[in-house]
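Each of the next two complexes has subunit A plus one other chain: subunit B in the first, subunit C in the second.
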Partner chain A sequence: MVMKNPKLARVAQGARLELVPLQVLVPVVSTIIALGIGLLIIAATGASVIEAIEAFWDGMAGSDFNIGASINRAISLALVGLGFIFASRANLTNVGGEGQIAMGGMFATAAALHGAGGLPLGLAFIVPLAVGTLAGAIWGGLAGVLKAARGTNEVISTLLLSFIALPLVYWSVESFHLLRKPISDVSSLPESAEIPDSTKLPLLFPDNGSPLHIGLLIAAIAVVVVWLVLRHSSLGLRLRAVGLNAMASRRAGMRTSFYVILAMTVSGGLGGLGGAIMILGQQFYLTSDFSSGYGFDGLVVGLLSRGSAVGVVIGALLFGFLRSGSINMEISAHVPSAVVLICQGLIVIVIAGSAILTNRKVTR
Partner chain B sequence: MAVLELSGLTKRFGAFTALDDISLQIERGEVHCLLGENGAGKSTLCNLVFGVHRPDAGTMTLGGEPFHPRGPAEALQRGVVMVHQHFSLVPNMSVAENLMLGRASAVLKPQDIIVRMEQLAAEYGLEIDPEARIEDLSVGERQRVEIIKCLLGDPQLLVLDEPTAVLQPDEIDALLAICRQVALRGKSVILVTHKLGEISRVADRTTVLRQGRIIETVAMEGADIRSLVRSMVGRDVQSAGSVLAAAVDIEGKTPAKPSGAAGPVSPGEAVLEISDLVYRDPHGVPRLDGLSLTVGTGEIVGIAGVEGNGQTELGLILAGLAAPSAGAIVVGGAQVGGCTPQEITDAGVGIVPEDRHAVACIKELSVAENLYLGAIGKFSRFGLLDKSARRKAAEAMMRDFDVRASSPDVSMASLSGGNQQKAVLARELSLDPLVFLLAAQPTRGLDVGAIEAVYNRIRAARDDGLGVLLISSELEELMAVSDRIAVIYRGKLVGELAAGSFSREAIGAMMSGHAHV
Partner chain C sequence: MIDEQMAVFIGSGLRLAVPIIFAATGEMLSERAGVLNLSLDGMMLMSAFTAALASWATGSPLIGVAAGVLVATAVAALQAVLSVTLRANQLVVGIGFNILALGSTTFLYREIFGPLSRDPIPGFAQLNLPWLAHIPVIGPALANQTGLAYVSILMVVVTWLILKYTSFGLAVRAVGEDPRAADKAGISVAKTRYLGVLYAGILAGLGGAFMSVADSNTFTENMTKGAGYLAITAVIFGGWNPWYTLAACLLFGFATALQFLVPALQLDVPVALLLLLPYLLALVAIAGFVGKSRQPSALTIPFERGG
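== the complex of A and B ==
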């Protein structure tokens, strides 16, 4: 009946034709607009725009080393973003990525420094990764338990748990009986000793100087597994059902509390893994602010992906490269890296704003 | 003389034509009923008149002047008032305060409102305590406040959208009397309903709507009820029999026993035994207070009662969504009181919950996902879903239960209420084992065709030897389907009637706590 009406048929077709490009087009255009505004701001600071762009590009992808470093940054962002969409499948908003990274990094450091270094067969880095994942999982799971048992809003609990986790890291690197490296000849900075070489993540291309490590493979596996679970597994459907309508899910025989705790545990575990990879892959020693906003960037990556694992990958790469570029821009072109933060904020606002636009078009 | 004149009104929502070329005159001092099934366009018509929507074509005149309200405020200003299905009252404020809302000038004068309320009480019999808080009032009293709010400004036209759906029998009588009083004083009333029983008692004229078109407008004096039903449903009344009579509430025409059914089956052994069930809500208020009930195999037991007397809580407890404070529930020999929903399902209990959207299904999920919501693992290998197997099984189930949807993959929300309910029934009646079915308000909000299908399913389940407990606020429905009716009042069963001895009056008296059998 609908298709007999030629006008309607055209509208329906038009909507279908638009659908695919819109979801790609909107983030791309919004990124370009945001970067354009960023350039205006750079010009306003008085720095040379050309110089800034050059420095920015060089930092992102100017060399094998820079590309590797950018991707390494993206790995941790992707893991936090995956954690975010995992929880959001159950209609839970995990904003505690920062705290989960912190716990994961701290416990991974502890495991690497105390015992794991001598293990054979790659266990030297696998065990710290697992310990970090577990620490993040417990930190996220705590919020899940609070939600299931007391109804505590997980946005508040994960945020507050972050405020606990960050000082815990600070405490651990301040205290000699915890992780602070012994005072030696020159340095007395509050940081841990460097982790043993055996516990550092193996490099993928050790010959060309790229810092790219096997965290990339771990993240790739995580992407595939999360995608499978969320889109094609019975667990994913149960998480979705519980998130959409807990009462109906309970009636259908699901243990809703279990799935709430599980979703938050897995979500936190992915964040913890991200934190562990930051330490074992690139930083090699724990500092009090080693997580430096990765949790919140990862949260934004998760938000922008709108629940899609592929979207997380794209968002994580974008933010990873932007971060590398901005660091270099600050060093070589003397442009405040805050400009890039402003650009990131603009991208988020423009994408989120235009999402409302695309949603409306699709549902009509 | 016509107060309101509609000519050629058309309203579309996207591709859907809700109203098509409606021309209608509402006379001064008449009660004009709009009759039609769900989705016939009654509410849309009211919303056009009240300015909530604007017509795509056609014109309206009010009192001879062109009338094209751009919003409810303009309609109100012109003397058109409306009582919606959902009340717009502030629960923790008093009646007088609610009446002052929306008409507040800079200075509030409570005394004026109270004087006006006394006038209205004298004119229309609309008595209510101005100091009472809304949250302490019954649904019928709240509706009365809404009507008073409408009449304060001395309107020309009062529109009531399905006002009787929420009322108990004696409140309905009072409301219909008020409608007549309003009409007697030269105002006009548009009353929307799908219940013929009410129409024959109150209407001067009736307009029948079907699929957005006017089928006929008839004067009620000497009108043939059966032909009205035919216009409304679009097919012959005989085919639907008592189902239809129950659905549209034609009084006195309901046979004590459905003609097409297998007749009262002598109930076998008890399949559900509830003894001394007590439930206290979180505030400690007893909602169920020592309720005892037995349902045998092969019988349908109806629970009648005014809403809020414990039916909802009984349904939740049987579904495993609330734990009883005391008492026992035994299904087929197994104790299930306080068990988890899964354990209750395993004991062979099917549940059609009262609240279709909150409990029975998840409207964002697909039909297939909803049909197998309790058996997600059934179509999973190594944890991954076999969606094509599930789709195939869902298609078969949809065929068996006549669930009409373009595909098992469309969202549950895109189905009509009737098809949603058929899907819920399909899921619950396909449980294995299955010995007992609870159907709570199973036809609420459904159209006649779907109601018929639901009744047939419930009867067929009974004939297959299931014990069925039917909780309903529709007396006609209970009388048409049940083998036995028990009446609940304040959390207790206060009486029971066997098939053949059903009477509206007796049940109605017990429902209001006035009589015992």
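== the complex of A and C ==
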């Protein structure tokens, strides 16, 4: 519709301009409300709120080590979050981050333990990273194939694939012929042996005791690439077109199945990379629940960002620091870290519920 | 020896199926009306915890079940406000509720039960119906169940009757298939969907309460372990039909119970692979490789009047 009346046109433009801050305002306000409720809950338990906040702060940023550990957490969350927004560009909701992390971590461990350790030129850690990424990509791509070929709802299939991936990891660390380390007199826990030193990600600041590793650079590159692809490439446009109207895109000559599978494969690959980095960067051996909660945290990060790569970075840092803080809060101030889960749940619900404010048209 | 193990297997398969039967039956009705509650697992978890708490506080498992159902219905009401009135993304809202349920039950469990001893909470006794026990092989397993287990089958019958023979059931089906036409025919889409979601909440509440006060007489953190997701897949597996859904729930229950039977029979199958069996079956089912089923046309699509 063409606005003939200049006054009306200006009003319309004003309304459009208002929509942009609202996209930022809603996540910020809901995060603040949720954290406020979290504080109220802590106060209600009778614990000292000051003490809890102090322990929280200490865990997040009390030392070089804690800051590094928090950022390391944020790296994997950012990768899962980027995967989420990549898929959602094509109007696909990848809620299977947990399974993609699990597959990525498991295959990265296998590559690091069997063969990659002796490779030269940094290939010792690059190969396991690539293997993990591939594993995640296949796991995500599977949901894409099911969607394209059989019309299977990707929310349900990615969820189910997560529930299939987690027992697979459990199986791999339970079985001696797979990844379980041989029983020694020291321990017989169901976990893999520690990966060789050469396969561990190099530290960025080896001298000050910070665990921060080059995963930070990998994540930074991923952020820029995803941002460029989604915002400034014809691929990003095509993904969007397929997501908005598959039928019209098909009539315009696009192979919609290809883009659906591609979006899910890239999305899963980013999750797999996140899982590989968790093992190679900080945990160094595989346990059955190493991915616990990271998938849903990454999902929340992706949701909060509202499709923006910069938003993913902010969200990932927020949740990385929150998680570190909550762990320390539980240890030193005896406040259950589940409070942070409550906050996260509230954030998701409030943001989803306020979509009616930010989307004029209901997306289908 | 084998007979005895089969009886244990059938018994545990049934007990594992009951919560899924409750939740899936309610969810089936809600989905027929067009609303998918991914929050089913959260409703069950909240109910399991509340039922355990109320039963422990009052000494009456019946009050426990009532309290659990009440809380699950409250969650369902919120889910309905968000997905029907505010037209939010049903799947995202559901995941939000599941995170919230996990966080709040874990938190409250540690705050309230943490320092206490692990005494079992008051639960229901098994009925042990003599006339059922005489059936060979499956008899003892069928007879040694709590009353709630029989209620779950009753609810399948009730839900089937509602859908097939009542005007509300007709409204549910109309709203789920073609909300615009239903609206023009004078059926309130919003009201029908609200009732559908609340029905799912009540039944998910019964399923969750069964887990804590009838099956295990205790509450453990994240005790549903994804049972709600299994219930949703059972609905899909069952093709949105009450009887096929019931069959899918039983199949999932027995698939889960295999992890106890297989080691007992000294078969060399990894337990981990048995754990993923129900989900693998479900994935194969929703990929459409088992039979042909069609979901309600308006499933997960919010309805807006006019336009």
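Note that in this section the second predicted complex is superposed on the first by the 316 of 364 C-alpha atoms of A that agree within 3 Å, B and C clash if a C-alpha of one lies under 4 Å from a C-alpha of the other, contacts with A are read in each partner's own complex, and residues count from 1 in each chain.
One rule holds in what follows: contacts are C-beta pairs under 8 Å (C-beta built on N, C-alpha and C of every residue); 3 or more make two chains touch, one makes a residue touch a chain.
Source: prediction; values computed, not measured.
Chemist: Looking at A:S30 after the superposition, I want to know if it touches subunit B, subunit C, both of them or none. Which is it: first, second, both, neither?
Modeler: So A:S30 meets neither subunit B nor subunit C here.
Chemist: Report for A:N153: first if it touches subunit B alone, second if subunit C alone, otherwise both or neither.
Modeler: Touch status of A:N153: second partner only.
Chemist: Compare subunit B and subunit C by how many residues of subunit A each one touches, and report the one with more.
Modeler: Counting residues of subunit A touched by each partner, the higher count goes to C.
Chemist: Regarding the shared-chain residue A:S249, is it in contact with subunit B (first), subunit C (second), both, or neither?
Modeler: first
Chemist: One more residue to check, A:A241. First (subunit B), second (subunit C), both or neither?
Modeler: Once the two structures are laid over each other on A, A:A241 reaches subunit B alone.
Chemist: Touching A:T265, do we find subunit B (first), subunit C (second), both, or neither?
Modeler: neither
Chemist: Tell me which partner A:G345 touches in the superposition: subunit B (first), subunit C (second), both or neither.
Modeler: Second partner only.
Chemist: Going by the contact rule set out at the top, does A:S233 touch subunit B (first), subunit C (second), both, or neither?
Modeler: first
Chemist: Common interface residues of subunit A with subunit B and subunit C?
Modeler: In the superposed arrangement, which is not itself an observed complex, subunit A uses residues 364 for both subunit B and subunit C.
Chemist: Per the contact definition, I'd like the list of subunit A residues that touch subunit B in the complex.
Modeler: 2, 5, 8, 228-229, 232-235, 237-238, 240-241, 244-245, 247-253, 364
Chemist: Please give the residue numbers of subunit C that touch subunit A in the complex, ascending.
Modeler: So the residues of subunit C touching subunit A come out as 38, 78, 82, 86-89, 91-93, 95-104, 106-107, 110-111, 226, 229, 232-233, 236, 270-273, 275-276, 279-280, 282-283, 286-288, 301-302, 304.
Chemist: Can you list the residues on subunit A that touch subunit C in the complex?
Modeler: 41, 45, 93, 95, 146, 150-153, 155-157, 159-161, 163-164, 166-168, 170-171, 174-175, 296, 299-300, 303, 336, 338-349, 352-353, 355-356, 362, 364
Chemist: Provide the residue numbers of subunit B that touch subunit A in the complex, in ascending order.
Modeler: 14-15, 319-321, 340-342, 345, 351, 353, 358-362, 364-365, 369, 373-374, 376-377, 379-380, 383-385, 387
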